[in-house]
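Note that chain A is present in both complexes that follow, paired respectively with chain B and with chain C.
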Partner chain A sequence: MATTASTDAVPGFRGTYFGRIKNAIISIMEGMSVTLGYLLQRPITIQYPDRTPKPVKDTLPERYRGILELDMKTCTACLACERACPIGCIKIEVVKDKETKKRYITRFDIDIAKCMYCGLCVDPCPGGAIRHTNEFEGSTSDVQYLVRRFVPPGERIEPAKPKKKEKEEAGAEGS
Partner chain B sequence: MERLADYIVYNLPFLQQIPRVIVDLIIMLFFATCMLLFWVALFAGITSWVERRVAGRIQSRIGPNRVGPQGFLQWIADGLKCFLKEDFVPAAADKKLFLLAPYIVFAGMFAVFVVVPFGDGLIISNLNIGIFYVLAISSLVVVGILMSGWSSNNKWSLLGGMRSAAQIVSYEIPVSLAILPVILLTGSLGMQDIIRAQGPYPWQWFAFHNPFTFIAFFIFFIGALAEGNRTPFDIPEAESELVAGYNTEYSGMRFVFFFFAEWANLYIIAALTVTLFLGGWNTPAHLYTNLFGLLHRSVDVAGTFVFILKSLFLVFVIIWIRWTLPRLRVDQMMDVCWKYFVPFSFANIVGTIIWMVLADAAPVLGYVRYILFVVGLMVPLAIAMKITRNFRLAKSEIHLNPFI
Partner chain C sequence: MTEFITEEMTLNMGPQHPSTHGVLRFQLTSDGEVIHSVKPDVGYLHRSIEKIAEKVTYHGFMPYTDRVDYVAAMNSNFAWALTVEKLGGYQVPERAEYLRVIAAELNRISSHLIMLGVMAMDIGAVTPFPYFLRERETINDLLEELCGARLTYNYIRIGGVSSDLPDGFRDRALRFLDHFEPIIDEFNRLITYNEIFVNRLANIVIIPREQAIAWALVGPNLRASGVKWDLRKDEPYSIYPQVEFDIPVGKGEVGTVGDCFDRFIVRVDEMRESSKIIRQCLDKMPEGEIQSKLPRQLKPPKGEVYVRSESARGEMGYYLVSNGGLNPERVKIRTGSFSAMAIMEEVSKGIMIADMVALISSLDVIAPEIDR
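On to the complex of A and B.
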């Protein structure tokens, strides 16, 4: 049927009257056997999220760059990550207590909505405090919920003391 | 149907006081409603789900499988959704025609069920002009489609309606002409007579009766697809060109009516093909008595089962064709009809007449049906071989379990 007179411009579709009928029959049968073959095969659909054999999170590669996570216990508030981020999605505020001469982190926000998962903030971190997880399901009802606040507003957290040994370890761990 | 009415009136004396016409009318309405609710609606709904599942598997997807077990209730969800939608009428539409059109399409489709047989004695009305009635009444669908296309006041709808009219009117000719050989062989237009003239075994079917009916079978089947606006002849509703064709402007329940008619039409195409060419409800007598001897003789359960099974298989083939072949262009569609089908169907009629005369003179020709049956058997065999080859080449594995 696909081989009719008006398709003469298409090479290979030319032919005699009965030749075209033969072509049509053969090509239709060929096509129908291909589709029936696929009908008999297993579909390749992965039924994310609820009907996968393993949760998709567990099947991700080890160095997968997912949503950033921060370990406040090791963060030294060196601001290296804030400086490294090319789009400025990390906002850190550090205040110095005038009497005790101690520094405190009053704000550590990572705007996941802006983050492009480049990993540039992870590399310079001396203690490996900031790192990627394999978390990738970030959907929320409002984009502002994507700003991860690691210091609850109104609180202040004492940063960790930088240690020489940890610095090397962090280098070995990498991103 | 008349016999049934007689029977009911005879057994319920109080009905005899009411004029017979009214009683008949009420009984007819009752059975039409039953038919609509328990067969047409169910069939159309479930087929819409089956079609999407089959389409999914053909395209290596799964298809709807969330609503109910394996997505089986998807069609109810879809129907409910459309029920709750606004019934929208465009401001510039011809309101009366616009509102009426879906019902005409639906009525044209549903009226065909009057003569669609389900089994021996299971037919709403065994009209003596059965197949002629089908051809006549199904033309009502064109009117409805053209009405909807015209009244929508939308160029996509109008184009769709026009194309549909051109298509259905063109394909009516080869389809009617392809039916003629069968009528010649039967000598009757009644659906049950046509079925009775065939036998239970494939080589007794009209499709394999002689080379001309063999060709007529394919012409009828393909032409019926075109009349039902099914792919590869879905030019009137070509999604990629015309948004949705003649039903672009419809929403809510009226849209459902169009789709309802379309899916119910699948069954009509299949049932008519089975009636005319594939032996209808004929079952070998011994199967009948052995398996269903317990049941009353007048209820041909095995026959009904066989008939519906054949029809459902053809419905599957139609779905399979839809998800295989691309849509034809308008000129190609017309070419297929006028350059290929019409001459061939004329040749079929003449050929069948000559065959009938010759077969009387030379009974040897009766054996041709066995040869044709073997030829017909080659088609599934060839497809099976091609599939095996494709599987071997692609190193894929068969996965038959449809429940994923």
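On to the complex of A and C.
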């Protein structure tokens, strides 16, 4: 089977020698006319970060999946986000006080360095406590600063009471 | 006079080489400029995605499918969702099907734009690349509005999609298409029919019809060899049977059918068809649900299934074995770039090194897709 195209198998396939030179000049001129059309237009590129008219953060769409944020006031400690996360970048610890039989969150860490911003943790959250922000500039001098601790070490926070409907949903997930 | 001794030279192209599109190595044996044999060495970007699938849930594997082919992540998402839905028999609301196709076709356009721009740049024309990227930027903005991410979308969910169209999306998408369709003609004037560009591509590395089929080329590479085979038409899934579009095939416009130029022009034509599909979908889209009710902890029944779909780089197939548990038992991914890599060794005998650069970019390989 003739599969290869060796160099001598390519004769002058489009016209004569001079015809091809003419074609080359015409088609280059045509390409130039396209680029010339853009010469007088305003450039579409912008210089990031200091020359943007307003911060890039404010121009992002509403659904932008940036760094995760948690509202501790609405978190019910149902652990749905921890279970949904494919890489396990969310770590939640809940303790039960034996006397009062109340649950307390002692740890809620999100490792932003591991997070891949997939948004799978936001979907199952019953109260909308965990959500993506528009924040995307997260560079720090040390990788450990990228672990966002929403419960200060040594403290314990009482989780919000789930509404009735949410409670059922949260219960169904655990099964 | 001493005898002039020549010997073959072994040359490494890659792993760091601008024209290998990722980390990919070719071992060339060449006699001066003419290549005697090419051995593709793949595996530098192996991230064991198939193994990861065995450790995560069915929903949880979706973000990883983004990373299989990051240039056309939406199509990759789509294929995985189709696979799990087929195995579990899950229903998808009609509106979600339309949303999926709109997103997938937008992504197909942006993927082809990258390929065309990069191919022109590999050949030596640097100017077109920013022009192609400018259009891709608008698509990225549209998809960012839709799902919140620009590259690793994770938009399609098993049994639906993650979010409905945002306000004004339809108008913005139509405005983009109105602007984009004439731009394709402008691209053709800018680069496609440029005499130097044509001479660099026409009659270079012809892959005839029989050979393309025998080596299991897929997608646009196969169609460039004159085979009218598109899974969207021939094995229709989702709502593709309800939309009208043509399948562009290589015609040998300036050389022979199946040359590098055909592989280029087929993708240019495919962008027009994709834009036709998006228009129809935006018009026909019904109101309704976007996600069917499925349990959070998905447990498809025991069994195995292979589903293929048409990605931007050809056939993307997922072979899935389920043991009835929370995680898949085994996932095997078949991708278009891998088939394209297989044919490299066969077709690149006797070509020039500079033509091999044209061949690699015309096959549109994405290194992470070869290795997974």
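Keep this in mind: the second predicted complex is superposed on the first by the 118 of 175 C-alpha atoms of A that agree within 3 Å, B and C clash if a C-alpha of one lies under 4 Å from a C-alpha of the other, contacts with A are read in each partner's own complex, and residues count from 1 in each chain.
Criterion: a residue touches a chain if its C-beta (ideal position, glycine included) is under 8 Å from a C-beta of that chain, and two chains touch if they have at least 3 such contacts.
Keep in mind it's a predicted model, so treat the numbers as computed, not measured.
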- Larger residue footprint on chain A, choosing between chain B and chain C, goes to C
- Task: Classify the contacts of A:97 with the two partner chains as first (chain B alone), second (chain C alone), both, or neither.
- Result: neither
- Message: By the touch definition at the top of the document, which applies to A:158: first (chain B), second (chain C), both, or neither?
- Response: neither
- Touching partner for A:31 - first (chain B), second (chain C), both, neither: both
- Task: Considering only touches as defined above, state whether A:42 meets chain B (first), chain C (second), both or neither.
- Result: first
- Query: Can A:137 be said to touch chain B (first), chain C (second), both, or neither?
  - Reply: neither
- Task: Starting from the residues of chain A touching chain B, keep only those that also touch chain C in the other complex, and list them.
- Result: 1-2, 4-7, 28, 30-31, 33-35, 44
- Query: Any idea which chain B residues touch chain A in the complex?
  - Reply: 54, 56-62, 222, 232, 320-321, 323-326, 328-329, 331-332, 335-336, 339-340, 379, 382-384, 386-387, 390-391, 396-400, 404
- Task: Can you check the complex and tell me which residues of chain C touch chain A?
- Result: 34, 56-57, 59-64, 66, 127, 134, 137, 144-149, 152, 154, 162-163, 166, 186, 189-191, 193-196, 198-199, 202-208, 210-211, 254-255, 259, 295-297, 346-352, 355
- Parts of chain A lying in touch with chain B, wherever the complex brings them together: 1-2, 4-7, 21, 28-45, 47
- Item | Contact set on chain A toward chain C in their complex | 1-7, 9-10, 13-14, 20, 23-24, 26-28, 30-31, 33-35, 44, 60-65, 80, 84-86, 116-120, 123-124, 132, 172-173, 175
